[in-house]
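One structure below.
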Amino acid sequence: MVAISPTVEAAVADIPDGATILVGGFGTAGQPVELLEALVRGGASGLTIVNNNAGNGEVGLAALIAAGRVRKIICSFPRQHDSHHFDAAYRAGAIELELVPQGNLAERIRAAGAGIGAFFTPTGYGTPLAEGKEVREIDGRHYVLELPIRADFALIKAHVADEAGNLTYRKTARNFGPVMATAATTTIAQVSQVVPRGGIDPENVVTPGIFVDRVVVPATATEPHHEEDQ
Amino acid sequence: MSTLPAVPADPAVPAVPAAPAVPASSGSGPLGRDALAAVVARDIPIGAYVNLGIGQPTLVSNHLPPDSGVTLHTENGMLGMGPEATGDEVDPDLINAGKIPVTELPGASYFHHADSFAMMRGGHLDICVLGAYQVSQAGDLANWHTGAPDAIPAVGGAMDLATGARDTFVMMNLLTREGESKLVERCRYPLTGVACVSRVYTDLAVFLIEPDGVVVRETFGISFEDLCDLVPIPLRLAEGARPGSA
Amino acid sequence: MVAISPTVEAAVADIPDGATILVGGFGTAGQPVELLEALVRGGASGLTIVNNNAGNGEVGLAALIAAGRVRKIICSFPRQHDSHHFDAAYRAGAIELELVPQGNLAERIRAAGAGIGAFFTPTGYGTPLAEGKEVREIDGRHYVLELPIRADFALIKAHVADEAGNLTYRKTARNFGPVMATAATTTIAQVSQVVPRGGIDPENVVTPGIFVDRVVVPATATEPHHEEDQ
Amino acid sequence: MSTLPAVPADPAVPAVPAAPAVPASSGSGPLGRDALAAVVARDIPIGAYVNLGIGQPTLVSNHLPPDSGVTLHTENGMLGMGPEATGDEVDPDLINAGKIPVTELPGASYFHHADSFAMMRGGHLDICVLGAYQVSQAGDLANWHTGAPDAIPAVGGAMDLATGARDTFVMMNLLTREGESKLVERCRYPLTGVACVSRVYTDLAVFLIEPDGVVVRETFGISFEDLCDLVPIPLRLAEGARPGSA
């Protein structure tokens, strides 16, 4: 059952030191910047973060890394033109990096949410990112065995929520949100708007409410969308 | 005992209570199917996501109060299923797992089969309620195949439901028509799932399958001693249980 | 690139004897009845059919089985009150049955479409349907290794298609269509209506056109939907 | 040679032609990046689904004619990607894999990351075009990591694209700044994928990676003999190829 949190601070208040957190977004598109900044203010540390990247510029995930709260990051593409906070922490040996090919990252998160114990993927076979992993030839093709990635919390950004916790997303900001929502003990979604039950056409729900524990509309939300897109 | 969920228990849904808020009536005889459905319904926490199997378990929905906030899942791709459709509501594209036309409640959602079973297998459903041929003292379930050589086997979603939900409840008559207990030491029929059942609701008693054995939470119109005579496995009476009179 | 077929007969004309075909539907909801009946008229035989059930009454898949065209069926729930054509063929030894738990069926089809070589599922562990399959304990839970199910053709029923081949579905008739569309060499969708490109909101596409090869509006289409649902 | 697609080739899309419809200009010197992009674009069949990697491969889109029916995929969750967004079109929620704002064409669709990479891994994309540090004669690709000890590694979707698409084309300059061939017997850099590249488009020649060796389809401003002197692996000239003058 979904709870509507009054503030982003309340939404993340129970995230403890040492938690593993799935963080939505591809760069800043779909990144739950306000939830992450509430987490910076909240003070939890020693976190393991799962995200496609390792922060951009000064906001959101970059701010969390800059504040020294992230012990380890699991991602596919840390190195970007504006990932200087990660770069500095990494070179200082202050942050651990587990590099995962982007599709394996998404599929491992899906597997956690879908109750799949492990799966054979062709991606990464014969590369350094498959070292030490079980390989198998199936039907003439080589595969690597990959394990699920689950987490204590997922912080995601969606577009509209209804009071049943159903979510829609906007354009390519959808990216990791729907799979991450399925793979955490507690999923927290920041959204632009909460509508009553029935306010989202059941055919167009992307994340069913069963995967969502808390929804919050950030006070500072400045959504880029046009109203007619809702 | 329940299988380990792939995702730990959802803190937003209260744990299934170990004992009923209100002691069951321990009246004058075995419970009817409808009264038993009411007992199950009372044990479903507010806000839970629930899948009710075909047959007797479907009756449970009649006893969920409107303010229960319980969301019904049907494995053919829907959350927020409403009551059976009647008259003009009937739409052949909107059916439940038993292929009966149903309705849609506000806040419903549709999804495809792989997503629907991922939802179950991933441990997101709080409870599923299933019928059974037999349940073992370890919580093994047999409900899909009698093993008869001339039977056409059909499994449907039973194995996925049994192993996927956080708690699997069984509803059944305790005894076969021949008077044999369907709660057994070891299932004689082909299994649906291993160690997946957490509770067994029957016309004569409610049984909790716990790691150290089977506990009787309440009885209906039968004494604990007489119940023990019917069931060929060791039973313990729960603390505070109110056994019915024989 | 999607082709709009003029008739259901044309849409299925190149399905050869011995083909493996994924057939959408759960009972009759979402079953591509008109495509299946065109297949009956077309004469292909020795088919392997993958469907949740094994036909209902006299139409569609039941008609194909009654015509003796199905060599083998892979399904989860063949035995129903109205599956008499399958029952008769099965008892006569005229049709082979591979029984698969419903969720494993859906996931095996998804795996084929998603390039997953095999996966460990908890469903079926310790039951007769896992006999002979590899089992593994992962993180204290037991799993069974399952392989993909791919096919030469998928015949599905959707609701609206656009000229890019994007599809939407209606209510629980969605069921197996979206995953089957991904797992066949050639995917053929019967729909109620074809609209121009852009006629489906990109946020609401359920099956992207990349998975769809042919779309056809059956001449006899008698859709149960109300116009306002489109 | 290409990896085996999980799903056999889609008959709705014509096979990639083995030779260009129009022989390439074999003019006076190496091809510029833009002219090379035009050569690649000409080899993309009508109606194909294509992923263009970051950097040089992105130029290919400028050379796809409006009636090509080619649909562009971006791995961050979109089919039907249009040109780069400008002015009021810029929307931070609509970006490509390089995180550049783009536009949406009619017939577009959005999907989540697991679905997007399932689409790639499942062999549904006809072609992806990638840059490279090195390609081996067996079609091994190295394009994600120089192996330098102080480099921060980043792989993104490169491994998924390389192994997932039915055909992986590489675009690169044939020689490093130091004049060494990037088409090699065996890659010295960490691999992105094994035996995944089917063609290598360079400023000096187009190479086809075939099971029995590397074939030169055309050269640009260089003779086949001079090309063989630059590349440290055995090369065969394709039948009917029109080698350029040196």
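Worth pointing out:
Order as written gives the chain letters A, B, C and D; numbering starts at 1 within each chain.
Here is the rule we go by: a residue touches a chain if its C-beta (ideal position, glycine included) is under 8 Å from a C-beta of that chain, and two chains touch if they have at least 3 such contacts.
To keep track of the chains, here are their UniProt names: A, C = 3-oxoadipate CoA-transferase.
Here the structure is a predicted model, which is why all the values come from computation and not from measurement.
Here B-C and C-D were compared by C-beta pairs in contact; the pair with more is B-C.
Rounded to a whole number, the gap between the C-alpha centres of subunit A and subunit C is 33 angstrom.
Taking each chain's centre as the mean of its C-alpha atoms, subunit C lies 34 Å from subunit D.
Centroids of subunit B and subunit D (each the mean of its C-alpha atoms) stand 55 Å apart. Counting partner chains per residue, subunit D shows two or more touched chains at residues 6, 78, 104, 110-111, 118, 120-121, 164. Counting partner chains per residue, subunit C shows two or more touched chains at residues 107, 110, 114-116, 121-122, 139, 141, 169-171, 202-203. This structure has the following touching chain pairs: A-B, A-C, A-D, B-C, C-D.
Against subunit C, the residues of subunit A that register as touching in their complex are 107, 111, 114-122, 136, 138-139, 141, 143, 147, 168-171, 202-204. On the subunit D side of its complex with subunit C, the touching residues are 6-13, 46-49, 69, 71, 73, 78-80, 104, 106-111, 118-125, 164.
The touching residues of subunit C, counted against subunit B in their complex, run 26-30, 52, 76-80, 87, 90-91, 97, 99-107, 109-110, 121-129, 139-142, 169-179, 206, 224-225.
Of all residues in subunit A, those touching subunit B in their complex are 1-3, 110, 112-116, 148, 150, 162-164, 166, 182-186, 196-198, 202-203, 205, 208-211, 213-214.
Looking at the complex, you find that subunit B touches subunit C at residues 3-4, 6, 74-78, 91-96, 99, 104, 110-114, 116-118, 120-121, 140, 145, 152-160, 163-164, 190-194.
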